[in-house]
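One chain, chain A, links the two complexes that follow: it is found with chain B in the first and with chain C in the second.
Right after this comes the complex of A and B.
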């Protein structure tokens, strides 16, 4: 067997095709342009989150605070813009949310890199703190009237045409952000020294240090970058929903991490790819958005989503067990 | 060089930890201290029965949404009007386990009464039982049939409210066509009853209408509601109506309707608040919203709690006037399930009258 046929990307891709075939055979509407566009639309924000999770997990860490960072950034940026009566280019809004996200991400990075605290504990803590700070000091009331330029941006579409039955089918402009971010993360991981360093760090931190990578720098970079991406994702959510809700997005981290792990990113670090993560996400998004099409009643939909999380985290647990077993056998 | 970098990092961390301390002090501390002193004063004169001030906590499903923000206004107003110590708490995400935790904390704080809007009635039964065993008065809202409660008060009979929404949906749809319904969660009793009431009304009165997808779960999330409508529309391209139960369902559906260019062809009704829905009502993406004023509901709950605490439990019976708008003539079932008639229907014509 050739190498690519043994990769997890190959298997996830195969399962995905199978799933497409099954859903498509039950309901032909699945293959309509409207549905494919809707699937892509549903993956715009989760797509960026998946990139966050991929980078962190490959570096050997874990981050559960990215939804909280996204919510914090989007809500406080929206509040600031409203206070300034802002009506300039939307670029400013994204830059502001990104900058706030970057700062919050660096807090994670510094705590993990310089205090050597476990990443899970740090991000669990900061996640709760960011959210609490937001609700206490920035505000807890949903903002329904965005600055005019954001509102206009939310209505922009990349492509738009009239489908059957007079339904307008389109993709929001924000899909370009996600595409750009996915390409950027793939480029960083594959072609830059920092990217190779992230893999090295996740594979074996001691060896990575010995060949000259600075673990502290890499960790700060990873968590800071994730914060930046999360901030941008938050602002995207705000423009797409045309409102900013300070409790939005929270709680999505588990499904995202499960998606990424399903896509072959090893929870123990050092292994995985952007393509795999995307396939894993697509698998979950497809299942989440096709249960009505297939005609599964509401009660069963819960079961299916639950089973999905179980499988995703189950694979992760199995990977940990296997890798620790391997380590033991080397020592023995 | 290395030292400099290290020390600057240390400075940053120091600044950060100060910031955290400040946050703790300003946040919880700020809230706790005035309440602490009020409590001290209250326990001092606990001998005089009439003037006793009680500590009443309101626990909601979720904080940060317009709905429960409005409820908080009612909680605060009741406290100011009566002098009782009232405050509201709730989890940052809709999760039954988090609600249980909050109630456990309140039991430990020895509050006099807990008024609660359960996310999942079943999940709260044990902890509310525990609260009542400790002598804490429990009043629930949106949890018809709850066992471990002194009184459950509904703004209205849930089945009637669902039917009321259905009448509006039928009117918008011209009494024919396919429609779908959503609920926040399959375990939210009130949402399920509204849906049942609506479905029953449609079966009885509107034979030309057909439910194609029922009780889809949105997790109280606008984006999910939007996605559910898009998906159902693909499975049933002739879809003409949407009825949402959770406060975020109708707004999410209206967003999808607007983006699909279906204003006036696909009609959205549901429970929502004017501040969230005004722009959709005005654009025509949403036909009508129904709600009850959560601030009045909070006052009604707190009023009941005070009555029970003052030993006036016997006075709570059929036709009683709580002195809160919409709750002037209570209906009573099985002794402890109370119903007002406090629903409000809002269309684009009267949406400007409400500011929450």
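Right after this comes the complex of A and C.
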């Protein structure tokens, strides 16, 4: 079969391996456990965001408000927990942040589905509103005295061992959250009617309605689910940083969207996979984290990422154009 | 008497005050192949949408297997076994063949989880029923039109369809594919499935159907056994007003042709197009969907610059590589879909009208004189009889016919020599259509050359001096406008059924 060899996942994976090989051959430290763990660590929250972006874009929409929702959820949840002098299980903290995120996401969904407003405008607007509301009414100063249970959770590690020079390296517990979310999103998209509905909606909204999908329901689900994930991602950020910062995470949305588009999630909707999105994200994270190891100054990262996005999406767009030109030929 | 599968009684439906359906009754029996015939805009599509629950009728009753359904929605219609195969087939280009076939059935059974093996099995079974083989994992966007249609049919079958409505199913098929489709339809009938076949092609109507219902202007004109009808009667029922048809005859061709193309071609879209258009002429251009006619128009207007051949304007060879080039040669184009291509819907009539001429209205210092501007706008609104509360009303508040007039007025304000109209009266009610035709004739009388692309045979017949017919990117013939009847049209297509046919032109002395 050559079908997989034509997929964008394959190409992005190839580029990623190539990048690993280049960086690794120039600097052996790249393959050290410390560096690889660091890489994974820095992909934990963006990984969840990438799932948000993937789902929305496949559905034919766009959401730029997920960082704002994440920040809003984590900060207000932390504030609430502190006000309650909470010291129960961390599950409650995640559930609370997730619930707040879900509500905010549903606001997006309702505006988009029922008022038929353009998704970009809605989420740009709500993004600014959520963040403004947070800073005005909830607080603008970083909270460092987290509830004890959150603080403890932040220190938990899945694996941990002593690396070179006696420094302990490890992966935080939260990596399991990201893994679970990635699997859940992949499962939803592939094995549930809702997931296939999301693809159908992104492929042809009119046809989707005709075969009996409810576009309104699907849109509310997508944006609501994105809110939920963003809320959880926010709380993960808080436990990992051991503080809650109301301006954290803001401004990461475009890079995340670029990463998943690079991974083959078509910006026009209907196409893309969780695997591709993840590979695209890893590519961006690797460039951000590791280009410095081969002596490329950090300013160059921006240039490289930008160029990658242009080339990556450009090739995809060119292929589509070519294949559609071939298909469209009506001359016998 | 066989059982009625679906019965519509006294259905009426109007959109924004325009009656699309008036008192339509229709009955389809089990296992019957029923044909719904009528010219474009007669209300066929609206009637289908009422049957499939997309539009709720304003008046009238729908009975499914004898039961009155008051609030039929698309989901219920599917549950009841009504399947519509739309002209665009409603397939998902981004999904696999298997999924396209099986998904809607799974959805109708309200399944929450996807079992890919079951889906593939279902899809295989469905394709076997239709008698074709396709790669189940291929993405549908990679398939041919005929395959897409077969997928749509397979999909309908998998949902225990009792009635399959096919909306102009043969539009984009080759003759061979049409015959294959007819075999499939006969097979469905043997399985007791009813077919409502919507078409305006007479050959197909007679080849296939047992009963025929003809619609015109939103009304049912007649329902009759196919064997009791002949072509003449059917044409009469379909066109009705044929006797009242007025015909426009333009001035004789004089002087140099306004537009001449010599073996014009665009890779993958059309080739060897040689045509002439004289000042004051209205020339029709028709052909099936995907015949390349829209692409040709867009080439002449610089949207899709031609890759081969020559264009002459007023006897001089010119290159048209962009819309700016076309506008400089005073070519105007009114696109097919005025809503998405031609208008700024949120903006006022005034702004929409002046956008093409604002450059020319500039006075000293490059400033626009609002008073002359307003006068220009007012004069066009009057000339074309645009009904609007004020020139400042947003265009989206106007009716379809009036919107079309705004587009027309805009291009007229630019004072063109050559006007290309793509489907000038699509989606416009009868009255407005007449007005638009009048406006076009007036323009031609002033010496503007008009190239009118249309599917609407009466429209071509009434307005055009000559009609050019395209198929598969080539001109296959030219006829006198007045003699352009549905029969001739069908005949031309059959004669050129083979795709190898040379692109030949009729004698245009």
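Keep this in mind: the second predicted complex is superposed on the first by the 296 of 332 C-alpha atoms of A that agree within 3 Å, B and C clash if a C-alpha of one lies under 4 Å from a C-alpha of the other, contacts with A are read in each partner's own complex, and residues count from 1 in each chain.
Here is the rule we use: contacts are C-beta pairs under 8 Å (C-beta built on N, C-alpha and C of every residue); 3 or more make two chains touch, one makes a residue touch a chain.
This one's a predicted model, so the numbers in the text were calculated from it and none came from an experiment.
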Inset, instruction - Using the touch definition from the top, say if A:25 reaches chain B (first), chain C (second), both or neither. - result: neither
Inset, instruction - Kindly classify A:141 by the partners it touches after superposition: chain B alone (first), chain C alone (second), both, or neither? - result: first
Inset, instruction - Quick one: classify A:195 as touching chain B (first), chain C (second), both or neither. - result: second
Legend entry - chain B or chain C, by number of chain A residues touched: B
Inset, instruction - Report, in rising order, the residues of chain A that make contact with chain B in one complex and with chain C in the other. - result: none
Inset, instruction - Flag every residue of chain A that touches chain C in the complex, lowest number first. - result: 3, 190-197, 199-200, 202-204, 206-213, 270-271, 323-332
Legend entry - Touch list for chain A against partner chain B, complex: 27, 29-30, 32, 34-35, 38, 42, 45, 107, 110-111, 114-115, 129, 131-133, 135-137, 140-142, 144-145, 162, 164-170, 237, 240-243, 245-248, 250-251, 288-290, 292-293, 295, 298-299, 301-302
Legend entry - Sites on chain B touched by chain A in the complex: 9, 12-13, 16, 20, 23, 26-27, 62-66, 69, 92-93, 95, 186, 213-217, 221-223, 226-228, 230-235, 237-238, 251, 255, 259-262, 265, 275-276, 278-279
Legend entry - Partner chain A, residues of chain C touching it in the complex: 54, 74-75, 78, 84, 86, 88, 90-95, 99, 103-104, 106-108, 111-114, 116, 137, 141-142, 155, 267-271, 290-292, 472-474, 499-500
